[in-house]
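Naming follows writing order (A, B, C and D), and every chain is counted from residue 1.
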Amino acid sequence: MHWNSLGEFLAMGNHALYVWGSVLVMAALMVAEPMLVSRGRKTLLARLRRQYRAERSEATRSRASTTLGSKA
Amino acid sequence: MLSLLRAVIGRDLRLAMRRQADIVAAVFFFIIVVSLFPLGVGPEPEQLRRMAPGVLWVAALLATMLSLPRLFADDHRDGTLEQLALAPQPLALIVLGKVIAHWLVAGVPLVVLAPVLGVQFDLSSDALTVLTVSLLIGTPALSGIGAIGAALTLGVRGGGVLLSLLVLPLYIPVLIFGAGAVDATVSGLGPQAHLSLLGALALGGVFFAPWPTAAALRVALE
Amino acid sequence: MTERAINWFAYASPQTFYPLAGKLIPWFWALAALFGIAGLSIGFLFAPTDAQQGEGYRIIFLHVPASWLSMFIYLVMAFWAGIGLAFNIRLSGMMASALAPTGALFAFLSLWTGALWGKPMWGTWWVWDARLTSELILLFLYIGFIALQAAIDDPRRADKAGAILALVGVVNIPIIYFSVKWWNTLHQGASVSLTRAPSMAAMMLWGMLLCALACWMYSIAVALMRVRTIMLERERHTDWVRALLDDKA
Amino acid sequence: MLEASNLECVRGERRLFADVSFRLDGGEMLYLQGSNGSGKTSLLRMLCALTPAVSGEIRWRGKPIGKLGEEFRSELCYLGHHNAIKEELTPLENMRSSADLAQEPLAEEAALDALQLVGLRGREDLACRYLSQGQKRRAALARLVNEKRALWILDEPYVALDPAAVELVAGLIGAHLQRGGLAVLTTHQAVAVPAGAIRELRLGDDDANDERRSAERC
């Protein structure tokens, strides 16, 4: 281990702002990106499910109306 | 092959002549942008002389950009582009003709005007000559590279802004060597190195660019 | 020969690739975490202080991997785009669009960490150096690629137009790099040079390599996640997507 | 000479048609019919190799048109929705410049004759933006008068034309067929073409459409 104390580690030899600024931004973005992707995927899945359900119900309804029409 | 080039160039030039307002607009844009700079940064001759190459070149770049969206858009709208794409000759050759015509209409007026505007910036006669030569060599590359962007954004939402986003980064080498040549003359170094690099870019731009442009046009026509 | 070709095309079809990617993603996450912990602990806990740059040099363990990845991803993206254009394979176009945002992210991070490194080392956030300028242009190219694809409604057309742009960019990046380099050397004045730590200790090298591997694995994982979403979106009218969603419901 | 097999067309998310096959020989004409949005224009553009087919193949003289490229295009005359007429140019300039671009120089006399035939005499020196829709269409169709290429692909050639002009165009197509040429055209107007064998192809008559139509009837 190179460091003697936690304070020294955090101070980074007077370059704390630069080093931790880089680390934090990089970490934040690299966590945010997969979260955004998976959220986009979830909304897409929900949208597709809604769409399929709507299509299915429409299909059954139109079939019903066709049979009705042929009976009449 | 040459007769086809001549036919394409002739047709585009004739069309441009029937629609002179576009050319005039681009030329005035160039003049106004260049004239705004002394007003913005102050009239010290020393400073103006140092800024002149960059200012003139950036203004030339923007003025070329202004006319790019119409390079293919009119032909696309009235169906001529389909006919060009279905012509038995390679589409890239037709594109080359259109690029040359675009340069004649949009590039040459800038080359002619540049020395006049350079005088406003107190450039020496040597520097004025190099400025004109650098624009003469560099503007064909602008037309060639710009054609790729114009073809890619053809018929696309918000095409104009997108076109500048795609094309301006690709213009950077031309800008660097074009302005660099004048800069080198002003500071007493020879412009030859810059000019020959600029020439290489122009040759590459004019003869390489028609292929991706033709491919992009075929995609746009699908 | 033909059998192998068929096999290959089978993997290139979204229907088979989708579940495969789903199985692979956790593994790449695990690898990314593993390499990341190893690389960062070497870089930030064990590596000695740099004689010239003090502790500030530790940004290198973030900056260099981000820069490498930003360039590498562009090449991979252009490769997929070119394959898609030449052989008309749907999957490769999707891969290219899935990679672009991650590449743009790394290009941005490279610029960000570079600026934060440059300030204490050369006393300025930004220099018009060839590497920095080309990295900036690279970011613009990524943004242009994403914007172009977003502006075209038909995904097939968007793929092809993006592919042409990506390939033009591949030709242009070296030209831009060298033009900025020559511009810089021909210019007087700008004498700040970007020399990296001259003799890099083996430990630093290892730390950097491990961090780069972590970023690499991360990129693959995120790109696979994104390509799965793109697949569902584009193939939503096909039977396999319907079947997949019915199963899950 | 022109063969299409199992063509499929997808626009956006909709499959417009699938399994379209036909064969056309010299002297034959194909009438392409179908309701709006059934993919007629898309099919024509596929036949020109402007749009790639999602699946299926188109052959010209036995070879796929994608491979033939310029060889195929030199035998193709396409007239699309748009007239391909430059508003700034006169009908005469338009004719001659499109002939120049096709590398088939057209003498001024021949061009004037063609314009007279389509009824634009006296307007050959007027910029096309001053012409009416029908006159612009006539200016575009004047190309067909001297057109000697084997395959004509015409998208709604009769649109915006008056009955006399329609008859004239039908006559031009008939003469083309008699010379052994091929023609594919879409139209909503049933127009008798004086010569040649005529085939018909209806697009968009699949089950889904029938079902929707019967549902609408109720």
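The definition used in the following text is that a contact is a pair of C-beta atoms (placed from the backbone, for glycine too) under 8 Å apart; a residue touches a chain by one contact, two chains touch by 3 or more.
Source: prediction; values computed, not measured.
> Stepping chain to touching chain, what's the minimum from chain A to chain C?
The fewest touching-chain steps linking chain A to chain C number 1.
> Which chain's C-alpha centroid is most distant from that of chain B?
Farthest chain from chain B, going by C-alpha centroids: A.
> Taking each chain's centre as the mean of its CA atoms, how far is chain A from chain D in angstrom?
Chain A and chain D have C-alpha centres separated by 49 Å.
> Measuring from the mean C-alpha position of chain A to the mean C-alpha position of chain B, what distance in angstrom results?
43
> Taking the mean of the CA coordinates per chain, how far is chain B from chain D in Å?
37
> Which residues of chain D are in contact with two or more other chains?
52 - these are the residues of chain D that touch more than one other chain.
> Where in chain C do residues touch at least two different other chains?
Each of 154, 236 in chain C touches at least two other chains.
> If I count partner chains per residue in chain A, which residues reach a count of at least 2?
Within chain A, no residue touches at least two other chains.
> Residue numbers of chain D touching chain B in their complex, please.
Touching chain B: residues 48, 50-52, 70-71, 73-74, 76, 78, 80-89, 93, 97-98, 100-103, 127 of chain D.
> For the complex, give me every residue of chain B touching chain D.
Of all residues in chain B, those touching chain D are 3-4, 7-8, 10-11, 14-15, 18-19, 77-80, 82-90, 94, 218, 221-222.
> Using the touch definition up top, name the residues of chain B that touch chain C in the complex.
The contact residues of chain B facing chain C are 148, 152-153, 156-159, 162, 165-166, 168-170, 172-173, 176-177, 180, 183-184, 187, 189, 193-194, 197, 201, 208, 212, 215-216, 219-220, 222.
> Provide the residue numbers of chain A that touch chain C in the complex, in ascending order.
That would be residues 1-3, 9, 12-15, 17-19, 21-23, 25-26, 29-30, 33-34, 37-38, 40-41, 44-45, 48-49, 51-52 of chain A.
> Along chain C, where are the residues that touch chain B in the complex?
85, 133, 137, 140-141, 143-144, 147-148, 151-152, 154, 156-157, 160-161, 164-165, 167-169, 171-172, 175-176, 179-180, 182-183, 186-188
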